[in-house]
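What follows is a group of structures, each given as structure tokens.
Both complexes shown next keep subunit A, but they swap its partner, so subunit B is in the first and subunit C is in the second.
Presenting the complex of A and B:
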């Protein structure tokens, strides 16, 4: 997704772009995600600014591509079971509002109007109309197509080529060299490996997540609905398993259920305890789901950087190398803003946001 | 008496039955878990008792070996060494520190959870399923799978139609055509896409199993007796009909496997039984983390998978028919009995089965090369032919995902088009999508071997299965952890 968005905005800035991937389109974390474009789970700060910029750009793209990428501005509803949780949620939302997020409190007796099948007895919630969803694989494929960039799938980058002055001059792949004065690292969870090929340190780590998919249903879950503790899990540094229920209906009918987070490397084995916890959380929020069947489950590896912020922008250690990776679980949502920022710095324009918090060399500094 | 080690055998077809008998005879306690109401699997499918079939053996060959298996099973059930769980639909096998837990669903709606816990070993005899490739009109009522037609004959004793065409490729077509004819249908044609010359080329390898050839010759003789026209190196290019099937168009194939021009002819029929071979059921094996090579579970000489404590036998390890499944099941059961009892297995004890296995694997490998769908079958799939029936995805949509959107594998095609996301999870359309996308067939990872209610999943494997996830008792949704010991304590 990140590469597709960089390709789109770079092409529109007048650059000649080649997209290289060792797999097919959306073969990494993109194809294993839910396609969330969220502002609701982000605290005020650089990531929220990037999310708001991205949301505006997604809205523009929806005019061109909306139906084909299943763009759906359905809104997010965050609920709290207990009054204490609701109080904390309301404080969090007040801060977001000050930063430009639209958020409205929902009293316990109003939850029913937004989500008639929600479990009774919840303390209340906050509604975020800006939260949106796209089908991520379709989004990536259609953005690449709309960019007009040359697509070189099934090609693995084996080396970042550098000139005598140390500047990047392209990449070597298992099927020949591609020459370019700028290389954008949009390798997601594998972005650390690509950076290493260029001799740069970027500590991207995988954070595993599962998604459960139900049989197709008539629309009963109208928004993206999640419990307030999800925000704390997203921001956590723990390696241990965390699950918090995130439930949403999709345009195609199935209900998607997340979200689990655990740092177990690239372990692809299916974990019944994780899936059990997801199912339990979802049926707690929506009791009718107990009778609904899970059809399948998939897993993916979020690209995680130690401070939960992505790496965006030029790498001063390697002239010509740019990074656009490490967005953890928010990569689809943050892709448009990231793509535009990368296009701006590639073409010498001033970036729309201050890139200092995202500078890729920040971890090397800490290590030293 | 010390407790016998416990193994769960999943599937009660030829492989699972042979494994169960061998394991029970050599010291294991076996829980045999099967989705059908009666043991036998697809091969020895039993007519429902209520139908009162007087001579079910008329529909089966190898009736004697079935009777031996059946009697052996009854004997071990009587001694308490085998516990047979019928109508149990396994959705997941879980590895836990104390052993394997088999998760199943019970009841007509497959909603009641059952868990078989703390098995020291698991033996997967999950069988295979039929592969059907699409062609225009294949979704019309009246078009059935060859295996489905056979199952109707064996299980329900009903005739699927009055005028039938049997088409596709593979050794199943002959018995299906012969069975339909014997049951009173008019079989208008048997249409086999394999080229007879490829059998001639491979004759030395095939002649190594004269019994198998004689079996085929026997079916062929019956087809002649019933005046069934056999069209070899032909394929069905289209099925016609308004509300239901009325006719098919068949055509001859050229040496490259393309339809030869000006050879099309129309054959009236109300039933088309079509099949293009079999594929192994690998969902449970993949869920446990077993290695799968191509589309079949990888096993060693003892039928062990690469996951300790897990054996596999029969079609799940590669398609080879009932006799091979019996040999593999026997070896797997013997190996498991020794290893789970802490003894070194003695391959000399199963040398006969190992010899049959080697010979049959060679035979079926050769047969598999000879029986092949036409190399260019995908050319017959028009852009408006529905390929994924669950999600109604057409051939044109799949082709565009490859040519315009950068898909290069079945998974990406699925994500871009929804082909394979529906109720069957790509079991039907997977090979067709691979063919249209021009990529190799591989076994898809499906963590649940069948759909499972979220309420069941939320409690699966918990030590307090009766408890609600919230801690509130919920009498409506009790998980039924099977305590097998209760039933087999008489040892």
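Presenting the complex of A and C:
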């Protein structure tokens, strides 16, 4: 997704772009997510600013591509089971409002109007109309197509080529060299490996997550609905398994159930305890799901940097190398803003946001 | 080879199930999909978007194309569910759920 968005905005800035992917389009983390474009889970700060910029750009793209990428501005509803949790959620939302997020409090007796199948007895919630969903695989494919960039799939970068002065002059792949004065590292969870090929340290780590998929249903879950403790899990530094229920319907019918987070390397093995925890959390929010069949599950690896911010912009250690990776679980949502910022710095323009918090050289070597 | 012929199998005696209320024979161990094929039925679901007909595609439980309602429970994979005497198979429209 990130590569597709960088290609789109770079092409529109007049640059000649080749997209290189060792797999197929959306074969990595892009195809393993839910396609959320969220502002609701972000605290005020640089990531939220990037999310708001990205949301505006997604809205523009929806005018061109909306139906084909299943763009659905359905809104997010965060709920709290207890009054203490609700009070904390309302404080969080007040801070977001001051930073430009639209958020409205939902009293306990109003939850039913937004989500008629929600469990009774919840303390209340906050509704975020800017939260949106796309089908991530379709989004990546249509952005690459709309960019007009040349697409080289099934081609692995094996070396970043550098001139005598140290500047990047292209990449070597398993099927020949591609020469270019600038290389953008949009390798997601594998962005650390690509940076290492250029001799730059970037500690991107995988954070595994499962999604449970139900049988197709009529629209019973109308928004993205999640419990307030999800925000704490997203920001956590723990390596241990964390699950917090995130439930949403899709345009195609199945309900997607997340979200789990654990740091277990690139272990792709199925985990019944994780899926059991996801199912239990989802049925606490939506009791009718207990009678619904789960069809399948999938998993992926969020590209995670130690301070939970992505790496975006030029790498001063390697002239010509740019990074656009490490967006953790928010890469689909943050792709458009990142793509535009990358296009701006590639073409010598001033970036729309201050890139200082995202600078790729901010991690000390010994922290790895 | 004709998939409708038994490949040297010696199953027990046939029993009766119903498909949309009509009686139909099935053999012990046969899946819903196998019994429907043997009865000449190739399609038993209509898609959610455009109401197109669907039956067996992969036949091994992976693709979820052959979904069918059995004993009032929708979205079961016809290629995996074994039949028992008296089972009621129904054509599944859309998601198989009301509303």
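By definition in this document, the second predicted complex is superposed on the first by the 364 of 368 C-alpha atoms of A that agree within 3 Å, B and C clash if a C-alpha of one lies under 4 Å from a C-alpha of the other, contacts with A are read in each partner's own complex, and residues count from 1 in each chain.
Throughout what follows, a contact is a pair of C-beta atoms (placed from the backbone, for glycine too) under 8 Å apart; a residue touches a chain by one contact, two chains touch by 3 or more.
Please read these numbers as outputs of a predicted model, since none were measured by experiment.
*Asks:* Kindly say whether there is room for both subunit B and subunit C on subunit A in the superposition, answering fit or clash.
*Replies:* With subunit A aligned, subunit B runs into subunit C, so clash.
*Asks:* For subunit A, which side has the bigger count of touched residues, subunit B or subunit C?
*Replies:* Tallying touched residues of subunit A, the top partner is B.
*Asks:* Tell me the contact category for A:175 with respect to subunit B and subunit C: first, second, both or neither.
*Replies:* Neither: A:175 stays clear of subunit B and subunit C.
*Asks:* Which partner does A:56 contact after superposing on A: first (subunit B), second (subunit C), both, neither?
*Replies:* neither
*Asks:* Look at A:295 in the shared chain and tell me whether it touches subunit B only, subunit C only, both, or neither; answer first, second, both or neither.
*Replies:* A:295: touches subunit B and subunit C.
*Asks:* Quick one: classify A:217 as touching subunit B (first), subunit C (second), both or neither.
*Replies:* A:217 contacts subunit C only, not subunit B.
*Asks:* Applying the touch criterion given at the start, work out whether A:280 contacts subunit B, subunit C, both or neither, answering first, second, both or neither.
*Replies:* It touches subunit B, and subunit C stays clear.
*Asks:* Considering only touches as defined above, state whether A:150 meets subunit B (first), subunit C (second), both or neither.
*Replies:* A:150 contacts neither subunit B nor subunit C.
*Asks:* In the superposed model, identify the part of subunit B that clashes with subunit C, out of 45-53, 189-197 or 225-233.
*Replies:* 45-53
*Asks:* Please identify the positions on subunit A that touch both subunit B and subunit C, taking each partner from its own complex.
*Replies:* Overlap of subunit B and subunit C footprints on subunit A: residues 215-216, 252, 293, 295-296.
*Asks:* List the residues on subunit C that touch subunit A in their complex, please.
*Replies:* So the residues of subunit C touching subunit A come out as 48, 64, 67, 74-75, 95-99.
*Asks:* Across the complex, what residues on subunit B touch subunit A?
*Replies:* 92, 94, 287, 289, 401, 404-409, 411-412, 415-416, 418, 421-423, 425, 446-448, 451-455, 457-462, 469-470, 477
*Asks:* Per the contact definition, I'd like the list of subunit A residues that touch subunit C in the complex.
*Replies:* Residues of subunit A touching subunit C: 215-218, 252-253, 293, 295-296.
*Asks:* In the complex of these two chains, what residues of subunit A are touching subunit B?
*Replies:* Its residues touching subunit B are 23-27, 31, 135, 137-138, 141-142, 144-145, 151, 153-154, 212, 214-216, 252, 254, 257, 269-270, 272-273, 275-276, 279-280, 282-284, 289-297.
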